[in-house]
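Consider the two complexes below, in which chain A is the common component and chain B and chain C are the respective partners.
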Partner chain A sequence: MNAAAPVFRRSRTSKIVDRLMRGVLWAIALTFVAVLILFVGAILKQGWPVLNLGFLTKMPETLDAGGGIKPQIFNSIYLVILSLGISLPVGLGAGIYMAAYAGQGRALRFLRLCIETLAATPSIVLALFGMIVFVQAMGWSFSIRSGALTLALLNIPVITRVTEVSLLAVPRELKEASYGLGATKLQTILKVALPYAATGILTGLVLTAGRAFGESAILVFTAGTNASAHFPDFRLTVPGETLSVHLWYVTSDGTLPDAREIAAGTAAVMILVLLTLNLLVRLVDRAIRRRTR
Partner chain B sequence: MPQAPEVSIAAAPEGGYPVLEEGLRPAAASAPTFKHSRLQRLADRWAHLGFLICSLLVVVLIGGILYFLATRGLAAFLPLAGNTGRALSFSEVFLSADWAPSSDRFGILPFIAGSLGVTGLALLIAAPAGVLTGVFIAKMAPAWMRNLMRQVMDLLVGIPSVVYGIFGLTVVLPLVSRTWLADAPASGFAVSALILAVMIVPTIVSLSTDAFESLPAALDEGAQALGSSRWQAIWRVLIPAARPRLLTATVLGLGRAIGEAMAVQMVIGNNPQWMALMRESTDRAPFLRALFTPAATLTTELVQELPNTAAGSTWNNVLFAMGLLLYLLTMVLILATRRLGRGKEA
Partner chain C sequence: MLTPTLPETKPIKLSVRDMAFSYGPKKILDGLSMDIHAERVTAIIGPSGCGKSTFLKCFNRIHEVAADVDVSGDIQIDGVDIYRGGIDVVDLRRRVGMVFQKPNPFPKSIYENVAFGPRLFGVKDRETLDGIVEDALRKAALWDEVKDRLKESASGMSGGQQQRLCIARALAVNPEVLLMDEPCSALDPIATSKIEDLISELKESLTIVIVTHNMQQAARVSDYTAFFWLGRLVEMDLTERIFTTPKVQMTEDYITGRFG
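And now, the complex of A and B:
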């Protein structure tokens, strides 16, 4: 064997291939940028003519044109808050357990497996579960409470994972110092580790909220496709159609003469909300990074 | 790192030292350093219990979903008292392409084939594009481009599936129909797979970016020292080295694609008889035709028909069996990612 011979041949062709593939990689990446711009542009452009104060503050029509999306906006926010309220304590608890108590053995591996499975479970499957348990077995029918509980199942694995990762990123010195000062394990977690991890968890929470806000499959089968005629209706027992469900329902139902416009407007509102959330996360992230630097 | 003897939490000395994670324990394992008050000890123990219950809840959920879906899904095959119809055999459900619930025929093969078809097509686009974008972000792009791509992927993953659906319905379908199909309807596998591909690409990109970034720098440097071009290093060293995790990324993308319901439902055309339609067609290019034939998948059929069926009817039970199938598939996929990752770092 000749040790001096180069392992990679640098021929003319290899140079051309290298050039070519660099170009291909740039092209693929830029394609995704273009797809996103096109996508957001098209949705906003379609929805723009519909977007006005009336659309946002009127009740929806069932048969005539010109309805608004006021109760759907309310239901979307209400359901996101309720579902986060349910999933936050559970997700935090499970995440803390996995980061600080479960050790490194078989128990942790099994818990991780369960979290991953739940995270990968299609939302339509969660919808079926919610339909069997909350809608039918509990007799709650299509209601805000059925929807919020099922939606929480979607959030729990995400919050758990974010909590675990953020807690594991807490520097060991901090925890050691806390123990060294005589803190108990609980005090160390609550007063040292969680505050340090809070920004990470908060970022994850906002992203989870965005996901819950956009979820539709689960809510079609648990919160229903009707919105209460009262506004604002805080009752947990009434059906609660959200923006995403409304968008899907008017499109596939087809009884509204202006279903297209309503759908376009709703889609634009949703995109605007999600862009705002995304921007918020980014600003918070940047502020924190600047502070810690 | 000094390895302390395994001490379980239960065996920790009364009110004793805190057990830290990752095998890190106070050096003097025998003597508690601090005396904690009774209240502190009590709070510690109750909190531990609370956190444990939270994580057990997740385990219970995994089992609970399986149990409830199984009771409804398997009811289709059992002569149970609550059933309104007859008990079906497995072969007439899973091996038959004849879906005519009103005539008591429940073959779900078109939906299984539809799910596999649309997912396969989506992966055909998303897997190579995702992995290459991953390596681009991790190993080639300048910093500004890296940041831009991260933001683009964050936004793509955050767009709700119904918005993807409405985009497909109002932009992609008319465009494809106008440009390639002489105004014939374009709904079917092709457009569904295209939309799905964009939806799952962020998953594959972010996981494969992680995979490439976690490779030891020596691999890349070594390849370059041996005279490789950028692409040679990527193609012959980095991609093979990251392969287990790239496969994991693809499998997770697959899971997302096969479970997606609303976006696909809005563009695929929802035709349970698509296989029969294909069989009857005398088209010279059946594959191309299949791409633009209105079809249905497991998820789209659930969305389409579940609201119209009565609980306890055979029809309803078969739909739940389809849900059970999706859930079991998720479990298999997750276990597969475990297999793929074995031997590597967990």
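And now, the complex of A and C:
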């Protein structure tokens, strides 16, 4: 070795700091996972004894013990699907516009600010907005349609942002290849960019669905705390109490003798649905990746 | 400095007259004029940042996708100005195909990659598409390697295969000109020599303009060589003359490795 060459040796402290940081990060992660397991475990433990076929398939009782949550399960799913049906086209369209068509000027920055503000708006504010506009001004009262539209307001900014970010992450080389073959902008978006961004958008969509599924404030004020006596009731004009609203309602206002059990069971069902939803996304995501990358 | 009038029997395919290119306040190319003959390979050489790639991208206007740029002067294809001659940019890009520095196949199957272009132009019939795909893959010397796995993802191929797939993809829309932007810079020597063989075959029916950092590659594959320096064309001549008896000292210095 050349005598004049400096010796590059890793200092002792940098090694120790490296180990230390690794330990700290591990501890943080472990704590977080432990809390999560305790939390989910507690909910499932309390809810488990209540969970049976009768609970899932019976109509709720108003005064007596032993009621089920059948219409609430239906309403939860129905409202998520309806609200996504409204917010997906709007959010996708807005996201595509922002990523591909809007210039980099002031208008885009303002639009982005609006969307971020909407995303950060507390859901209770959206709830009251929905109640004033849809329930009262439009005269739709507490109904599925009031709930679905207000819920869509919650979803739209998230879907917009996720779509924009996923599209901006599409490698420039792929877009160039597409343009280089004579593709128009629209063709490039539809045939190259969107398929590439699909997994990102899908993940965002499921997170949105999960959030909408668990949302309560908005629906208390727009879809109401009553469930239709018919099942399944697809009408958009009837009130549609969801699982999370039911959970809140029976514990705060309920006259039911078994409110605690019903709340525990409802919470357990919600947790299980969300777990399933997330698992499903993983599977779909992996399938798409395998097919396209 | 124009292409020397030599025993050239091929017509002029692309002609550039007094062209300048600016990106914002920055002038990248200036005072460029040259003729590029059909069915010949023209190599563009020069140090990094001299505007070679930018020059190439002017022929299919792909730079317009990324940024606002200003191109002045004349660039003609078959005598028609491609910036002002009322040419549809989509049609221009079909006629002037491009192969990029890094292989950039779509994350789709081998078949779908090649069929992408024809589909854009409305080819739907399965048999016609099959024919176009096979033909393009054969021209790109890739058919025998992939004919049994057309449905597999292109990302499973080697870098050299991916680059030939990109060439096949460009050929599938039946272009008249093929622009190649350092097509071998990411490839090993074996894959590189396959691409070079391919270039020699393709020039039978295509006009090829290739940007390269590799002096030997320019000498091996091209008929004409143009030397760029700081956004200007220093010298253009028959490749063998550029490499044996260049007229400008700077060209000789660059080729012999004395600067650059």
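Points to keep in mind about this one:
By our rule, the second predicted complex is superposed on the first by the 253 of 293 C-alpha atoms of A that agree within 3 Å, B and C clash if a C-alpha of one lies under 4 Å from a C-alpha of the other, contacts with A are read in each partner's own complex, and residues count from 1 in each chain.
In this text, a residue touches a chain if its C-beta (ideal position, glycine included) is under 8 Å from a C-beta of that chain, and two chains touch if they have at least 3 such contacts.
Bear in mind that the values here come from a model prediction, so they are computed numbers and not experimental data.
Of the two partners, chain B and chain C, it is B that touches more residues of chain A. Within the superposed three-chain model, A:172 lies in touch with chain B and with chain C [touch as defined at top].
Of the two partner chains placed by the overlay, only chain B lies in contact with A:43; chain C stays clear of it. With both structures placed on the common chain, the touch criterion links A:210 to chain B but leaves chain C unconnected. In the superposition on chain A, A:263 contacts chain B only, with no contact to chain C.
Contact with both chain B and chain C is seen for A:184 once the two complexes are overlaid on the shared chain. Judged by the touch definition given at the top, the superposed model places A:100 against chain B, while chain C stays out of reach. Judged by the touch definition given at the top, the superposed model places A:128 against chain B, while chain C stays out of reach.
When the shared chain is aligned, chain C comes close enough to touch A:196, but chain B does not.
The interface of chain A with chain B overlaps its interface with chain C at residues 172, 175-176, 179, 182-184, 187. Chain A contributes residues 6-8, 10, 14-15, 17-18, 21-22, 24-26, 28-29, 31-33, 35-36, 39-40, 42-43, 46, 89-94, 96-104, 109-111, 113-118, 120-126, 128-129, 131-133, 136, 153, 156-157, 160, 168, 172, 175-176, 179, 182-189, 207, 210-211, 213-217, 220-221, 244-245, 247-248, 251-252, 260, 263-264, 267, 270-271, 274-275, 277-278, 282 to its touches with chain B in the complex. Interface residues of chain C, counted against chain A in their complex, comprise 60, 62, 65-66, 90-91, 93-94, 97-98, 100, 102, 104-108, 116-117, 120-121, 153, 155, 166, 169-170, 173. Contacts from chain A toward chain C in the complex involve residues 171-184, 187, 191-192, 195-196, 291-293.
Of all residues in chain B, only 9, 17-24, 26, 33-34, 36, 40-41, 43-44, 47-48, 50-55, 57-59, 61-62, 64-65, 68-69, 71-72, 129, 132-133, 135-137, 140-141, 145, 148-149, 151-156, 158-163, 165-167, 169-171, 198, 201, 223, 226-232, 234-236, 252, 255-256, 258-262, 265-266, 299, 302-303, 306-307, 311, 320, 323, 326-327, 330-331, 333-334, 337-338, 346 touch chain A in the complex they form.
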